[in-house]
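In the two complexes below, chain A is the common chain; its partner is chain B in one and chain C in the other.
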Partner chain A sequence: MTLKLKYFGMTAEASGKDEELLDNNYSSVKELKADLLAKYPNLLEINFKVAVNQEIVNDDYKLSGNEEIALLPPFAGG
Partner chain B sequence: MSEKKIKNSLVEGPITPEKIATSIAHHQVKTNIGGHDIFLGQVRADVIDGKTVTAIEYSAYDEMANKVFDEIREAAFDKFDLTCGHIYHSIGIVKAGELCLFVFTSSKHRAMAFDATRYITEEIKAKVPVFGKEIFDDETHQWKVNN
Partner chain C sequence: MNLTNQEKNRYSRHILLGKIGLEGQEKLKAAKVLVIGVGGLGCPVLQYLTAAGVGELGIIDYDIIDETNLQRQILFTVNDIGKNKAEVAKNRLKQLNPHINFNVYPEKLTTRNALNLFSEYDIIVDGTDNFSTRYLVNDACVITNKPLIYGAIYKFEGQVTVFNYKGGPTYRCLFPEPPKAGSVPNCSEIGVLGVLPGLIGTQQANEVIKLILGIGKLLSGKLLTYDSLNNSFLTLTINRSEEQVQKVLDEKSNFKDFDYDFFCGIISTFDVNEISLDELRKMFNSSDNFQLVDVRQEWEQPRVEKDNVLIAPLNELESYVTKIATDKKVIVVCQHGIRSIAAIEQLEKEYNFNNLINLQGGIENW
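This part shows the complex of A and B:
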C-alpha cells in the first residue's frame, strides 16, 4: 500500500518537494509524522496540520491503505 | 460518497472589478432579493523590516479548498436565510492593491446578508487550505499566516 504525500508552501520548502509516494509502513499519523520530521528537520519549525483524503485529522488517526496525505502549513486565504 | 459536483471557487490571478460588476448584473433577474452584501479582500503593501510587499502568490490544495468552500457556503445557507451566496478566491499572483477574495451574499433583507458575509469570510480565513507567499520588492519572500 502506498501513501501519496502532498506538500504546500512552507512544507514544500521544508521538504524540497511538492509530492512524493511512500510505502505505507505506518499505523498512525503520529508514526508518519515522526518519520517525516526526522527526514525533513525543517518541518519542526512549521505549525502544520495533516489532512488525510482532504479531511484534517489528529495524530491518533489510523492509516490503513492508499491514502492521500497533505501537510498543510498555516492558512492564508482571504 | 456523494457524487455532487463541487463548484470551482478558485480564480486564476486577481479578481477584477468587471467580474464583480457582471456578477451583480446577473442578480437583477432575481427579484425576490432585497439586499446584497459584498466583502472584497485586497492585497496590502505591508512594510516588514523595511521591505515592501509587492504581491502575494496564492497556492492551494485545490480539491480540498473547493470542498471546504462548498461546505462553508452550504453551512451559510443552513444558518442564514439566503437567496444566493458566492465565493471566489484568487490563485497565483495578485499584486498589492488588487483583489484576492470576493464574497457575495443576497437575501430578502439586509441583516441576513450582512451576517452571512461575515460568517463566510471568517470561515474562509480559518478553514480553507489556501497559502500565501508574500513577495517583497527585493524579490525575497515570507509566508503569510492568518491570525
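This part shows the complex of A and C:
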C-alpha cells in the first residue's frame, strides 16, 4: 500500500520536494498530516488542504490503500 | 441585444461557431462583468472580454502603474507609469473595441461599496493580490448571489475555479480560514513568472465567456491547478460546505462593518511582545534571568546551545506546558517567527501565560 504525494506551491518548499512515495501506514488524513507536520515542520506555517484521489477532503477522511494525495496551499497573487 | 452590421462583421469568427452563433454573440453583448484588480490577471481577462464583445465591463483598481508591473501587466506601457490602472486600462481597451461600455472605478473595493457595485453586474472576476480582498469578494458574491470567477498565482503555479455558481462551492468552502498573516508572501516579495498570470487570466476569461453563453463545462466545484514548469494541469473536486455559506449569510447585516484586514491578521489580531535577534544575543550576554523555548523540531538548524533552552515542538506543545517558566521572561523562538506566534497564542489563551515574548523573524540567522 503506497501513497503518492504531490506538493504544490509553498508545501513543496516546506518539504523540499515536488513528489514523494510513502508507505500507507495511516488510517486517516489526520494521521498522515500529523506525520508530515513532524517531518516537515515548516508545513505548520501553511494552512494547506489535502486532496485524496483528486478530491479535497477533511481531516477525518479514511485512507484505505494506494491513494494519490495532493497538498494544496492557498495562493493570493494576482 | 441586437448587433449592428459592423459588430456582426467584427465578431464573425464567433458567429460562425455553431455553439455561439448570432444568439450567443448577443448574449455576450447583453452581459455585465466586473473585473476586480487590473494586475497580472486582470489585464488578460479584460483584454479578452473586451475583444470577445462583452457589452459592459466594470474595472475597479485604486492602484497606480509602477515600472515593475510592466513585466506581466500587458495593458500598460512606459508612458503609463504613475497613472491609475483602471483609467489607463479603459483608455487602452476602448481602442481595442469601441462597442463596449466601460465603467471605471479608480477606488479601493471596500465593504462599503462592494454590495451596491456587485449588484449591478452578472459576473464578478477576482484578479486581486491579497487574502483580505479575496475573502471580501467571496462574501460579497455570496450575499449578492453572483458567480465568482477565481484565479490566483504563486511563483510558477496557478489556480482557477468558478465559485458560487448555482449552489456550487464558495471560496470559504475551500479555505474556511485565512492563512496566518505574513505566512504567504505576495508577488512583490517573492516574484512571479510574467507569463503565468497571462495563462491563468486567459483561463478565467474563458470561464466567463462559457458561463455567459451557457456552453461547455464550467470549473464549478472543480479547482484547476497549473504548474508552468512541468506543464501539468490537475483538476481537483471541491465540495460545498453549507455551514460555511450559511455563516456568511448569517453575518450579512454586519458585512459593511466587517474588518477583513483584521480577519486576515494584517492588522494584528493578536498583540504579542517581540524582541529582535540582536536583543536576544544581548540578553544571553547579560545576566538576565530568562528561559528560551524553541518550538521547532529537534533537528532543525541552527541550534541554540545554552542551558536555559527548552525544546518544545509546536505539534507537541501541550506536553511541555508544565516545563515552561511562569516566574520569569520566556522568549519563544522558531525558524521564521511564525510558529512561535502560534505557540504564544495557544499558551496565552489556553494556559494563561503572560510572560511570553516572540523572537521576531525567527532564529534562522542565529
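Keep in mind that, in the parts below, the second predicted complex is superposed on the first by the 74 of 78 C-alpha atoms of A that agree within 3 Å, B and C clash if a C-alpha of one lies under 4 Å from a C-alpha of the other, contacts with A are read in each partner's own complex, and residues count from 1 in each chain.
Throughout what follows, contacts are C-beta pairs under 8 Å (C-beta built on N, C-alpha and C of every residue); 3 or more make two chains touch, one makes a residue touch a chain.
Every value quoted in this text rests on a predicted model; they were computed, and no experiment measured them.
Asks: Identify the partner contact of A:75: answer first if only chain B is touched, second if only chain C is, both if each is, neither if none is.
Replies: Touch status of A:75: both partners.
Asks: Look at A:10 in the shared chain and tell me whether it touches chain B only, chain C only, both, or neither; answer first, second, both or neither.
Replies: A:10 sits against chain B and chain C alike.
Asks: Regarding the shared-chain residue A:45, is it in contact with chain B (first), chain C (second), both, or neither?
Replies: In the superposed model, A:45 contacts chain C only, not chain B.
Asks: Scan A:65 for contacts with chain B and chain C and give back first, second, both or neither.
Replies: Neither partner.
Asks: Would you check which partner chain A:37 touches, where first means chain B only, second means chain C only, and both and neither mean what they say?
Replies: second
Asks: Looking only at chain A, is it chain B or chain C that touches more of its residues?
Replies: Touching more residues of chain A than the other partner does is C.
Asks: In the superposed view, which residues of chain A touch chain B and also chain C?
Replies: 6, 8-10, 51, 54, 70, 72-78
Asks: Quick one: in the complex, what on chain A touches chain C?
Replies: Those in contact with chain C are residues 6, 8-10, 18, 34, 37-38, 41-42, 44-47, 49, 51, 54-56, 70, 72-78.
Asks: Which chain B residues qualify as touching chain A in the complex?
Replies: Contact set of chain B toward chain A: 41, 56, 58-61, 63-65, 67, 89, 100-101, 121, 124-133, 143-146.
Asks: In the complex, go through chain A and note every residue touching chain B.
Replies: By the definition above, chain A touches chain B via 6, 8-10, 51, 54, 70, 72-78.
Asks: If you look only at chain C, which of its residues touch chain A in the complex?
Replies: Against chain A, the touching part of chain C is residues 37, 39-42, 126-131, 134, 151-155, 157-159, 174-175, 177-180, 183-184, 186-187, 192, 197, 223, 225, 227, 230, 234-239, 296-297, 300, 313-315, 335-336, 338-339, 342.
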